[in-house]
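All chains are identified by letter, namely A, B and C, in their written order; residue positions are counted from 1 within each chain.
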Amino acid sequence: MSCWETIADYSLRSIGIGERLLPRENFTLCQQVVLIGSGMIWNIYFGVIALVSGFFLATAVALGKATANPLLRKPSEWFIFVFRGSPLFIQFFFAYFAFLSLKSVSPIFDPFTAAWLGAAIVLFLNTAAYSGEIFYGALLSIPKGDLDAADAYGFSGWTKFRKITWPTMLRLAWPAYTNEAIFLFHATTLVYLSGFPAWRQKGDALYYASYFADKTFNPFVPYPILAGYFILVTLVIISLFGLMNRRLNRHLPQDVRGRIRLRMNLIR
Amino acid sequence: MACYLTTGKHMAIYWSVGTVLLLLAITAPVALAFGFAGAAAARSRFLPLSLLGRGYVAIVRGVPDIAFFLFFVIALDQFFEWIRHEVKCPDWDQPIRQGNDFVVCAAAKLPQGNSAQWIHETYGFFLAVLTFAIVFGAFAANVLYGAMRAVPRAQLETAEAYGMSQRQCFWRILVPQMWVFALPGLSNLWMVLIKATPLLFLLGVEDIVYWARELGGSKTPRFTDYPHGDWRMWYFLGLLVFYLAFTRVSEVALDRIMKRLTKGQATTGGEAQRKTA
Amino acid sequence: MKKLMIGTAALAMLAGAAWAESHSVVRMGTEGAYAPYNFINDAGEVDGFERDLGDELCKRAELTCEWVTNEWDSIIPNLVSGNYDTIIAGMSITDERDEVIDFTQNYTQPDPSAFLAPEGAELDMEGGIFAAQSGTIQASYIAEMGATLVEFATPDETIAAVRNGEADAVLADKAFLSPIAEADAELAFAGDDVLIGGGIGMGLRESDGELRAKFDAAIQSMKDDGTLNDLITKWEVGETF
């Protein structure tokens, strides 16, 4: 069986297209690379969904935590504290339990016990909490002069937020937020490891990597392949976020851009 | 109830809390040392060293810690045994890899095959610490590298103007000043490290999550004096409280340090501090 | 030819000397989560059929043994890497495993796997949803059967999945499922038992032939004098020899 056939059979296996049975014997390097790559579809799916949806909630919680009104501040603080303070591992466990018990209440909740929705929700809440904290930190470090200047120009309320506060917050938070995005993609490997069951052998990259490690009894091939894929994903994230960073900092003089990027090198 | 909570198995879970805390206490400084070495290497003018430092940071940061844990411990163990093998048994003529087996001479075994169980466990713990330190060292290196770059250039130039050597500049000017810039990143790293401990079971260390799963799983009366249904919920709730409390304590401690550092800075945070004062 | 034989004999002697040195303590690797074969008892120690069996085998082979637990997923890589010397963890003898490690003769009869389902349920072998622990022979069996396979990391979770309706039934070793079926009135065996894999044997490194021979002989002697059958009856792990 040539490698092209393997690609045709297995490159979309993780979403249920192609050969139904996984390879059973005579494992080739090609099979391992293709199937683990196929699993990456799920990692990228979870990462992108959680990152995009989490961004909006994160902005909301960051503002919530920064307001003086305790009705908004307290829930935001607790939300951030609980999701940042507990291991994702345990969050997946509780989410699965909770979704299972909701399932008996109404069939509406049926899809929640499946990874594509349930795990995406957990990751969404998790990343919202982490990014929320990063954004909150950035809100606090907005130079006072910027806001004074905004006041002097007559900006107020929504316009001030949209034109001054929010872009500055993003600019300051961006390097740390890049790290958060990297971590989030890495965290997606936990979904099938301990959180949600894999259906019809459709799993993420780690699922297939451990399948091969289990069948060939040799962990030194599949896991480095998995690592290679993730290094690629990380590089893509870094360059995409780098482009965005350039755009956010386009008004600054050249040498200062680099400075800010490195100075705010927080990680989650 | 009191009997149930003091079974040997429960003792094991209490013991494992200590293991986790000890691991954190050892890993943090070791990882910091790795990070410092990595950052210093990455800054080096000597190209191969600089590439080594950058490569270490880029590769280890790019790989999910789980994937790393799943094969790295075995690799590390084999690497140590291989080195000892080369040193201790130079006249060994059999191949190290016989088919799938990894075979070294008995003297090179780590730990020695006939040593007590606690030595094996300590060795496993040591491997886990090293693996954690290597992974988190890469992140720490990234933070410290950024912090070193953030120290105002003028400071270093002044030092050079005073006739300090490269080495003196680095140790007397750069290193003392960089901590201010590194602290937020390092405290974040500490939080991540705390929350990575449930992955310890992948490294063969029986941690709290392992025991919570083991104790919480439903038990039939045939194999235990205390049969019960699926109690994992309650045990995990306990873990949740443990982690939240631990995070809270760390947060309070780190907040204190951070407050001292933001004092007087012309930022929203500093402004808020001034208003309340 | 003669030269070759002398060479082999010398090698064997060398290996023998090294072996005696390195195996003064034999480390027995098990999972500790698969009652009645092996589990952690209330005192936090390894217990079960294989604990009794292993201790007896070590006594007969005059070896000092020590018990260690390891995650199921990495149990074979850790054996070949030399972190312990045997796997005694309810591991069925299969061809694919036999390529990587060596097995002693089986110490249980091939144990049928059974479907455990909610009381009174009918199994739909084509369209049903079946749970299994990932990486087990049962998981591969369901995948090949054509039904929907749901995989969980631990045996406990597979049972929980049937209880809460995520899966129609769980496929696992019958000896593991029977005590659960007895204790829980809502669960019962369904459908026909299936025979997958050979019996259970001890796994050893391929390079560890001498240790394997010792355990093999000890198992044989236990089979001969009937003590193995007593243990099998005591722990209810399938048919006797």
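Heads up, the rule we're going with is that a contact is a pair of C-beta atoms (placed from the backbone, for glycine too) under 8 Å apart; a residue touches a chain by one contact, two chains touch by 3 or more.
No experiment lies behind these values; they were computed from the predicted model shown.
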Hey, which chain ends up farthest from subunit B, C-alpha centres compared?
-> C
From the Cα centroids, identify the chain that ends up most central relative to all protein Cα atoms.
-> B
Of A-C and A-B, pair with higher C-beta contact tally | A-B
Go ahead and note the Å separation of the Cα centroids belonging to subunit B and subunit C.
-> 34
How big is the gap, in whole Å, between where the Cα atoms of subunit A centre and where those of subunit B centre?
-> 22
Distance in whole angstrom between the CA centres of subunit A and subunit C is 39
Which residues of subunit B are in contact with two or more other chains?
-> 70, 74, 100, 232
By residue number and range, which residues of subunit A touch two or more other chains?
-> 193, 210, 213, 217-219
Send over the residues of subunit C in touch with two or more other chains.
-> 74, 77, 80, 100-101
List of subunit A residues in touch with subunit B within their complex | 81-82, 84-90, 93-94, 97, 137, 139-145, 147, 176, 182-183, 185-187, 189-190, 193, 206, 209-210, 213, 217-220, 223-224, 226-227, 230-231, 234-235, 259, 262-268
In the complex formed with subunit A, which residues of subunit C make contact?
-> 73-74, 76-77, 80, 96-97, 100-101, 131, 134-135, 140, 143-144, 146, 148-153, 157, 161, 164-166
Which subunit B residues qualify as touching subunit A in the complex?
-> 58-59, 61-68, 70-71, 74-75, 100, 139, 142-143, 145-147, 149-150, 181, 184-185, 188-189, 191-192, 195-199, 209, 232-233, 236, 239-240, 243-244, 247-248, 266-272
Subunit C partner, complex, touching residues on subunit B are 7-9, 11-12, 70, 74, 77-78, 81, 94, 98-106, 109, 113-115, 117, 120, 201-202, 204, 206, 213-214, 217-218, 220-227, 230, 232
Subunit C residues touching subunit B - in the complex, by the definition given at the top | 11, 18, 21-25, 27, 32-33, 35-36, 39-45, 47-48, 64, 66, 68-71, 74, 77-78, 80-83, 85, 100-101, 154, 156, 159-160, 163, 179-180, 182-183, 205-208
